[in-house]
Amino acid sequence: MASIDISGLVKDYHDRAGNRTRVLDGIDLSITGETFVSIVGPSGSGKTTLLNIVSGIESHTAGNVSLRAGDRDARVGYVFQDPRLLPWRTVDQNLSFVQHDRDGWAERAQHYLDLVGLGHLGDRFPAQLSGGQQQRVGIARAFSVEPDILLMDEPFSHLDAMTSRTLREHLERIWLESRRTVMFVTHDVTEAVQLSDRIVVLAPGGHVHETIEVDLPRPRRASDPAVAVLQAEVLARFEVLEARAAAARAEVPA
Amino acid sequence: MTATAIPPAPTRTGPAPTPRRPSRTRALVGPALALLASVATMLLVWQLAVVLGDRVPSLADTIDRLSAEQASGDLWGNVAVSMNRFVLGLVVALVVGTALGVLMGLSRFAENALTDLTMAGLAAPAVIWALLTTMWFGFGWLTPVVTVFLAALPFVMVNIAKAVRAVPSDLLLVARAFGVSRTEVLRHVVAPAVAGSTVAAVRFAIMSAWNGLLLAEWFGSTSGVGWRSRYWYDANQLDGFLAWVLVFIAFLVLVDQVVLGPVERRLTRWRSV
Amino acid sequence: MSTLVAARPSVGRSKSRRPASAPRWLVSSGALVVAVLAWGIASAVVDDNIAPGPLEVLERVVDITVSGAALDNFASSIVKILAGFGLAMLAGLPIGFAMGRSRFLSSYFSMPLFVLGNVPGLTYAVFGLVIFGVGATGPIVVSALVAVPFVAINVAEGVRSVDGKLLRMCQAFGRSPADVVRHVYLPAITAFVFVGVRYGFAMAWKVEALTEVFGARDGVGFMIRRAYQEFQVADMLAWTTLFVVAMVLIERGLAALESRLFAWRKDLA
């Protein structure tokens, strides 16, 4: 069983003049098993930094991060904000490129492309796809490496409302079919409620403000009253936090 | 055909987009140090060529010869003669080329009619114009002037046509919708759009014309910088020839770095912001 | 010779906003016919050996082509250019890679490359002849020197164009440096190098031909020089015509190849 364990995580940035800015201030977080966890928070609360540190793209200043699957290191799949496909490789070749395990990758790739509804477009170049299709390829790519842990950084934020709703439904369906430990960063509270088992709210300054368990049946629909009620409730709490963050920003001269 | 469909080089002058953080002093000292090292290396390579190839004259000999040319009045005299021819041919090429280029940019018919001829003009080496004009006009002023004109013309046409096509029609519509005046449109919409290709037109025209001028004077003239370099070559005095090569290079560096470079940077500032 | 610029693969933005009129081929061939007619009339008016008419030149073109002289001399010139380009690649690839990765080296090489790319062809021709004599070495070295800046500057641009986001994607998926070079850097560089070669080719060939004008045993430039010395203007024009036609055909061929090889590019897709 896969797990992400974060304890006492601290991240400082230093600017050119040598001033220190603390973006993450002692994060403790543990995600275990086939759980879908969303990280939400106002901008500047360090969501993306946290995800980048977990994935190993960025280093951290203090604390521990461990990604385990049973008694070995976990394998990670990543979905970025933008598709980040190699423009000179076809869809199939883009999926092939990230495989650790050459055996049977073609079937895996085909399987996940089918799940996102792009099974027939494997020989297209990214430039020949729409933005939404490219992002679906990005999702299929992340699942196709059979990751123990899936990290997602606001994967739908660059898409229009219709496309991102369809993609959320795609994502939930794939996840239900092939469950992983997911850490999903978003600024969109309704999206978090629809997708997650648990929502971790980060506060400005980089610490965990609160954790909300979402215990609603799946598959969920945005139009489901229970979902809508919870969305409204979380949104209200989140707005208080954002107002406080804005006030704090106004007090500190830039 | 050569280097026409290319935007002006951001590489030579603009800073490399590496996201490292250089301190202010390093940012200034770095390029200067690099330039210094670069010049030192070039001199070293020259010195190596002097030692290894027994026909290559040394830097000291070349400089000596250059100052002798200056003392005898041959340097500035020939430069002045050549500049007259160069400027005359270039200005005519710019005027004619701009007229034809604007025509090509505005009318599809003119574009179709002139593109193949322009391509042929770009592909023809300047030496052929130099040789033909020498046969046609003999050793007079027409030979270099016509060569300069013919060498520069297709470059002006192609790049001016490109400049005209670069005027954004959608922005013109926006301007019209907001009732912006004609001069304002010219200043804020048309001028910035055509600036890059126009500078490119002038730059390519100068480089090609200069090359043509030297060849025309080499084959068909009894004065000018090209003739003077041939004089030393025929006398088998390579230090004299090399002294003039330094003049040729100095001219190009001057035009590129001192005249066109700053103009181009100013006109295309908005791109890098 | 010509100014040196990085040949960024052009982003196709030439949307036609004019209505279609007479077919393109009709207009362009019509213009060619008019140009040739004007030439014919001018030569009839001058009526001198130094201004042969188009028919006379065409006759010479046919003679030269049928006798095999065209093939021999063009082959000789092109082999020299290819050899020169091979050398230019060997030197230009590492220089360009270094320039793309280091700001210092980029400044360091920019001056010599500017000089190499902008020195008038006359200089190359004379030094090629003086140092290497009339053999094939002079034109080969000269075309290599002319091509190096085109290759190097475009490799540097290609390296700089590699998207940092793609590199981080590779890191997130745990790709090896070898994979990154092969799948990210190489494809990015090839497109740029190809464009550089396309533009460098015309430049290199002109200077190579000029070197042959100054001294060679064969090649197109040499044939032009010989015709000039024998005062055979029709021959000169015939060789020039062949040169221009060959150049335009090669340029079109390379452009077509480019759009096939780089089908992934947005503007071509």
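Structural remarks
Lettered A, B and C in written order, each chain numbered from 1.
Heads up, the rule we're going with is that contacts are C-beta pairs under 8 Å (C-beta built on N, C-alpha and C of every residue); 3 or more make two chains touch, one makes a residue touch a chain.
What you are looking at is a predicted structure, and each value in this text was computed from that prediction instead of being measured.
The innermost chain, defined by the distance from its C-alpha mean to the mean of all protein C-alpha atoms, is C.
Set against the Cα centre of chain A, the chain with the most distant centre is B. The mean-CA centres of chain A and chain C are about 49 angstrom from one another, to the nearest whole unit. If each chain is reduced to the centroid of its CA atoms, chain A and chain B end up 53 Å from each other.
Mean C-alpha positions place chain B and chain C at a centre distance of 18 Å. On the chain A side of its complex with chain C, the touching residues are 55-57, 76-78, 80, 82, 84, 86-89, 97-98, 100, 125-128, 145, 151. Contact residues of chain C toward chain B in the complex are 1-8, 10, 14, 16-22, 24, 27-28, 30-32, 35, 50-51, 100, 103-112, 114-115, 118-123, 126, 130-131, 153, 156-157, 160, 164, 199, 202-203, 206, 209-210, 213, 221, 224, 228, 231, 233, 236, 240, 243-244, 247-248, 251.
Across the interface of their complex, chain A is touched by residues 165-166, 168-169, 171-175, 179, 183-184, 187-188, 191, 262-266, 269 of chain C.
The touching residues of chain B, counted against chain C in their complex, run 1-3, 5-12, 15-19, 22, 30-31, 33-35, 37-39, 41-42, 53, 55-56, 107-109, 112-117, 119-120, 122-128, 131-132, 135-136, 165, 169, 203-204, 207-208, 210-211, 214-215, 218, 226, 229, 233, 238, 241, 245, 248-249, 252-253, 256.
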